[in-house]
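You will see chain A twice below: alongside chain B first, and alongside chain C after that.
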Partner chain A sequence: MKGYAGKYLLVNLTSRKIVSKMLDEGMAVNFIGGYGFGARTLYDYVPAGVEPFSPDNVLAFWTGPLAGTIAPVSSKYAVFARSPLTGFFGFGISSGGFAFELKCAQWDGIIFTGRSDSPTYLFIDDENVELRDASHLWGRTTWETEQMIREELGDDTVRVAAIGPAGERLVRIGNITNDRNRQVGRTGMGAVMGSKNLKAVAVRGTRDVEVADPDGLMKFSMELNERLQGPKTEKYRVYGTPANILIHNKLGCLPSYNFQRGTFEYAEEVSGERMLKTHVRKIIACTNCAIACDHVNEVREGPYAGTVASMDYESLNMLGPCCGVRDLNAITKAVEICDTLGVDTISAGVIIAWAMECYEKGILSSEEVDGLDLRFGNSEAMLEALKKLCLREGKLGNLLAEGVKRASEIVGRGSEKFAIHCKGLEWGAYSMRSLKTSTLGFAVSIRGADYLRSGSYQVDVRGEVDRLKLDYSRGKIVCDGENLYAIIDSLIICKFARGIFSSVDELAKLYTLTTGIEMTGKQLLLAGERIHNLAKCFNIRHGASRKDDYPPPRAFEEEMPDDVVRGAKITREEYDEALNGYYDARGWTREGIPTAEKLLQLGLEKEAEEIAKYQVSHELKLTGAK
Partner chain B sequence: MALKTKMTERLKKIIVCNVDKCNGCQICEFVCSFTKEKVFNSRKSRIFVVRIEPFLNLALTCKKCDDPPCVRACPTEAVQRLSDETIKIDEEKCIGCGWCVEACEFGVMRLNLETGIAFVCDYCRDIGEPQCVKYCPKDALRYITIEQAARELSKKAVKSIVQELLSACITTI
Partner chain C sequence: MSNEGVEIEFTGPFRKLSGERKIFLPLEHEVTLNEFIEILSRKFGDEFRKRVLDEAGKLDADRSIIIINGRIVDSTKETSYVVKPGDTVAFALSLAGGG
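== the complex of A and B ==
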């Protein structure tokens, strides 16, 4: 079994005991790596009733079999825990050089349990692993922490994944940063890390990464690298994902003013095309990536001159148009604040946009927003609110730090209707009412509102389906997308490369060349389905059912005002039909619960047994309701 | 005679990295460690990507210096300069003292972390073409003479001046 390191770390932060565990071959074949290993870990380690910030929650870092090898776009790792935002399956994927370094240190992953009684960080120096004091790092930004750890270890090649002050303060959208610009962004993994008093993980790996067929992998990888210079990745290479601003604006699916609208009158000013001319100073790549998409902005004039931050479409849209903000300088500053203090830019933008709508509607008083003039488009107020959120400062900061679901429940007064989230995770930069297959994909996602679990926005944006309608058949599109993405997230490779593979068989080929384990595309997709079902079982255990798979009320109750999609909204009937289609495609009940039959078919025996209990309790509830 | 030697040396081909194109992907390091050692391990690469946050990325390898400091520094004559101007390490003679490492102005001479023996880029002399150059996805790496690199820079400068002049003309019109 090559490619894998074959072992992982189990670190108990309470007892400070560190154990090396062998990676089981069955685990490798059935769950591949990354997302699959994370699903296995969460299911096995986090029983019902374990609160996200409890020491009993786990925090697991996993790489995939390809990390550390020459397989393209493979230096990726994922972090898992029960999410403090959703209460369900939490995870995020990051790239940079951290995963590659961890594999070179010959570890597939790290599972943290317990809670340290004082700030600590883990230093992995090949086989030497130790918990070190992090008192002097507590309160430091992510960038400072990375720098200080490298200085104290006397090696600037050490890779560091760290939380910022937001994670320390249990801001629920706290994230984890490595290599300065790369984040495990979503579902509050940084907050869980903070709850464990774990400031950072630092890694130095110097060992060889062995693969089954080095010559074959080299040859295939170089061929793929060449494809990566072709048309399928051009968007990412030239303008980066901000190219989406004008594309989405034209289609009326660019969320602006807290998703009230799908166009932005100043879209041109915040476009990728404009940004490339006025802000992008350098485009950099993650380790072993032949695409290079990371557009690093520099603010050249005005009050934020000198600000440097990496900009992508989601950050740009949520902190820009979604807040009505059109000043690229301020948006770059906002991303810098998020990255250094350590919060997810997407969630942050949606939360502040919600607060702005509350303020404009008179739901939040001036006193409740700490005296800020929190109107849409006021970039200074947006930045102030953002800092307060990250540091839990004042009334406003403490409210917003809870995430948009909890904040809207605290405020009430009808503000829940325009809190744009699903399962507690804030919605990404795809309008709900003018991209309906996308919306189904977001809403059924196991980690909450999420475009990255199925990529179902693609059929809408490309015009392969009528994006303004929903029907039964969309369920299958989402389901197939999820199975494929589960594989991509388990191997783990970058989704930006997805277009260069002629079929899933090529992904299987990468897997076999690396590991020596025979695998077909069909088997891989089955593993994808297995992984996704396992993650779903975790959610069922923590109370998920059909009710959690709906978009927020704005999707159903308000019509889009933009000319290009005027009047668009989702009807309950069409959504229910599409959701039924999804559950049927999955082989789940119409309550959204995996059937024993499906789980057994996927080889998930003990899960089938447990989930059957929930099945019964749901049926009882339903009967009771009648 | 001395003059002739110098001229030839300025026309020698070296690996040149374009700082605008280099994005720090490290693919050259992977390709190198695979080519030279048949393993994936960037610490066994003979080319090194230097990243200085937030903007600077540049890959560095042996510059084929005149009168190489690494050769001068070696107390056991393990570090030798061949007639094609590449450096060769005699592994039998190398005692792993690291003086060549200290002497190299560019930090591209290293000691193998496992064996302690010095290693450096040999321009893939057995293959005939540096593999890092061949596989650099952004063509940031080139195997050219310093003269050629200079000529290309001149061309680029002239192009951008002409473009500026042209756009100025258009604006005036």
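== the complex of A and C ==
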């Protein structure tokens, strides 16, 4: 079994015992890597009742079989835990050089259990692995931590994945940063890391990763690299995802003012086109990537001069138009604050936008927002609120640090209607009411409101369906997208490269050339379905049902005011029909529970047995039986 | 808006090619989308055509999208689209997301 290192680390932070475990070939074939390994780990290690901040929650880092090889766009890793934000399947994926280094140290992944009694960090130096004191790093920003560890180890090539002060303080949107600008962003994996007193993971890997067919993989990788430098990825290379701002604005699907609108009157001022001229200092690439998409901004004048931050569409929109903010300098500063203190930019923007709407509507008093003039568009107030959130400072900071769902439940007074999330995860930068297939994909996603689990916005924005309508057929579109993306996230390759593969058979070819394991596209997609079902079983175990697969009230109750999509909203009937279509396409019950037949078909026998209990329990609830 | 022409907006590379954010193109009668692209390609050069159409002359949805009156052109049905006086048309990069 090539490609894989064939072993992973099991680190008990309570006992400080570190064990090397062999990777089973069956695990590799059935669950591929990345997302698949994470689904297997969470299901096997986190039974019902384990709270996200409990030492019994796990924190798992997994690479895919391609990481560390010549295969392009593959230096990616994912981190998994029961999410403190959603209570469900939590994970995030990051890029940079960390995954490449970990695999070159000959490890496929790391599973952390327990909790250290003092701040610690794990240092992996090929086969030598040790937990080191991190007391001097506690309280440091992510960037400082990376730098200090490198200095301490006397090696500035060591790769570091670290949390900032936010993760230490259990801010529920805490993230993990590596290589300064790359993040495991969503669902609060940094907060779980903080709960374990684990400040960082540092890796130095010096070995080669063996592949099954070196010549074949080299030839195919060169061909893929040529495609990666071709027209299909130009949008990422040259303009970066911020180019989406003007397009979304034109379509009325640019979330602004906490998703009240789908256009922003100052869109030109925060556009990717403008940013490219005035703010982009350099464009950099992750290890082994021929695209180079990371547009790094620098503020060149004004009160935030010297600020440097990597800028993508989601960060730009959520901390910009979603908060009514039009000042690119302030938005860049906001991203820098998120990256250094360690929180997810998407969630942070949505949470602050919610607070702004509540403040403007008189739901939150001046005292409750610590005296800030928290009106939409006030960039200084936005930055102050953001710092408070990251550090849990004051009443406002402590409230916002809980995430928008919990914060709105704490405040009450109707504020729940303005909390834009699904399952507790804040919605991304795609309008709910004017991209309806996208909305279905967001809402049924395993980890909460999420565009990265199915890419279902694509059929909307390519005009392949009527984006202002929903129907039964959209369910299968989302289902198919999820199965494909489960494979992409298990191999793990960058989704920016998805357009260069002519079919899933080419992904299978890449897998076989690397691992030596024969695999067809059809088999890969079946693995994707298996992985997705396993992750769903985890959510069912932790209480998920149909009610968790709906977008927030704004999607149903308010019509869009923007000319281009005026009047657009989702009806309950059309959503229910589309959701039924999704469950049917999945072979699940109409309550969103995988059937035993489906799970057995996918080879998930023990899961079928457990989930059947939830099925019975749910039916009893529905009939009112005791 | 005048009914004697078409308002055209450009973003991304189309802005660079045309040198404009927005133009008004006189148009007296309805044309097919392909004819419309041809008119603009004559005005802004062959590079404009290459940005919109693939080598087979089909819309390349991986690279670019066209929006007519707020509706995105479905690249699989391009021949059924027409542009008429009074329309607004936008040329943009295809949307990108998901790292």
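The rule is simple: the second predicted complex is superposed on the first by the 624 of 626 C-alpha atoms of A that agree within 3 Å, B and C clash if a C-alpha of one lies under 4 Å from a C-alpha of the other, contacts with A are read in each partner's own complex, and residues count from 1 in each chain.
One rule holds in what follows: a residue touches a chain if its C-beta (ideal position, glycine included) is under 8 Å from a C-beta of that chain, and two chains touch if they have at least 3 such contacts.
Since the model is a prediction, treat every value here as computed from it, not as a measurement.
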Mind working out whether A:344 is in touch with chain B, chain C, both or neither, as first, second, both or neither? neither
In the superposed arrangement, which partner chain does A:565 touch: chain B (first), chain C (second), both, or neither? second
Partner chain(s) touched by A:282 [first = chain B, second = chain C, both, neither]: first
Return first, second, both or neither, reflecting whether A:357 touches chain B, chain C, both chains, or no partner chain. neither
Who does A:529 touch here: chain B (first), chain C (second), both, or neither? neither
Between chain B and chain C, whom does A:209 touch in the aligned arrangement: first, second, both, or neither? first
Going by the contact rule set out at the top, does A:222 touch chain B (first), chain C (second), both, or neither? first
Where does A:180 make contact in the superposed view: on chain B (first), on chain C (second), on both, or on neither? first
Go through chain A and flag every residue that touches chain B in one model and chain C in the other. none
Over in the complex, which chain A residues touch chain C? Could you list them? 95, 231-232, 234-236, 238-239, 241, 243-244, 246-248, 250-252, 268, 271-273, 293, 312-314, 451-452, 455, 457-458, 461-464, 467, 494-496, 498-499, 564-565
Inside the complex, what are the residues of chain B that reach chain A? 23-27, 30-31, 34, 37-44, 51, 53-55, 57, 113, 135, 137-138
Across the complex, what residues on chain C touch chain A? 9, 11-13, 15, 21, 60-63, 65, 67, 70-76, 90, 92-99
Give every residue of chain A touching chain B within the complex, in rising order. 68-70, 97, 100, 104, 180-181, 206-211, 214, 218, 222, 225-226, 228-229, 281-290, 292, 296, 298, 308
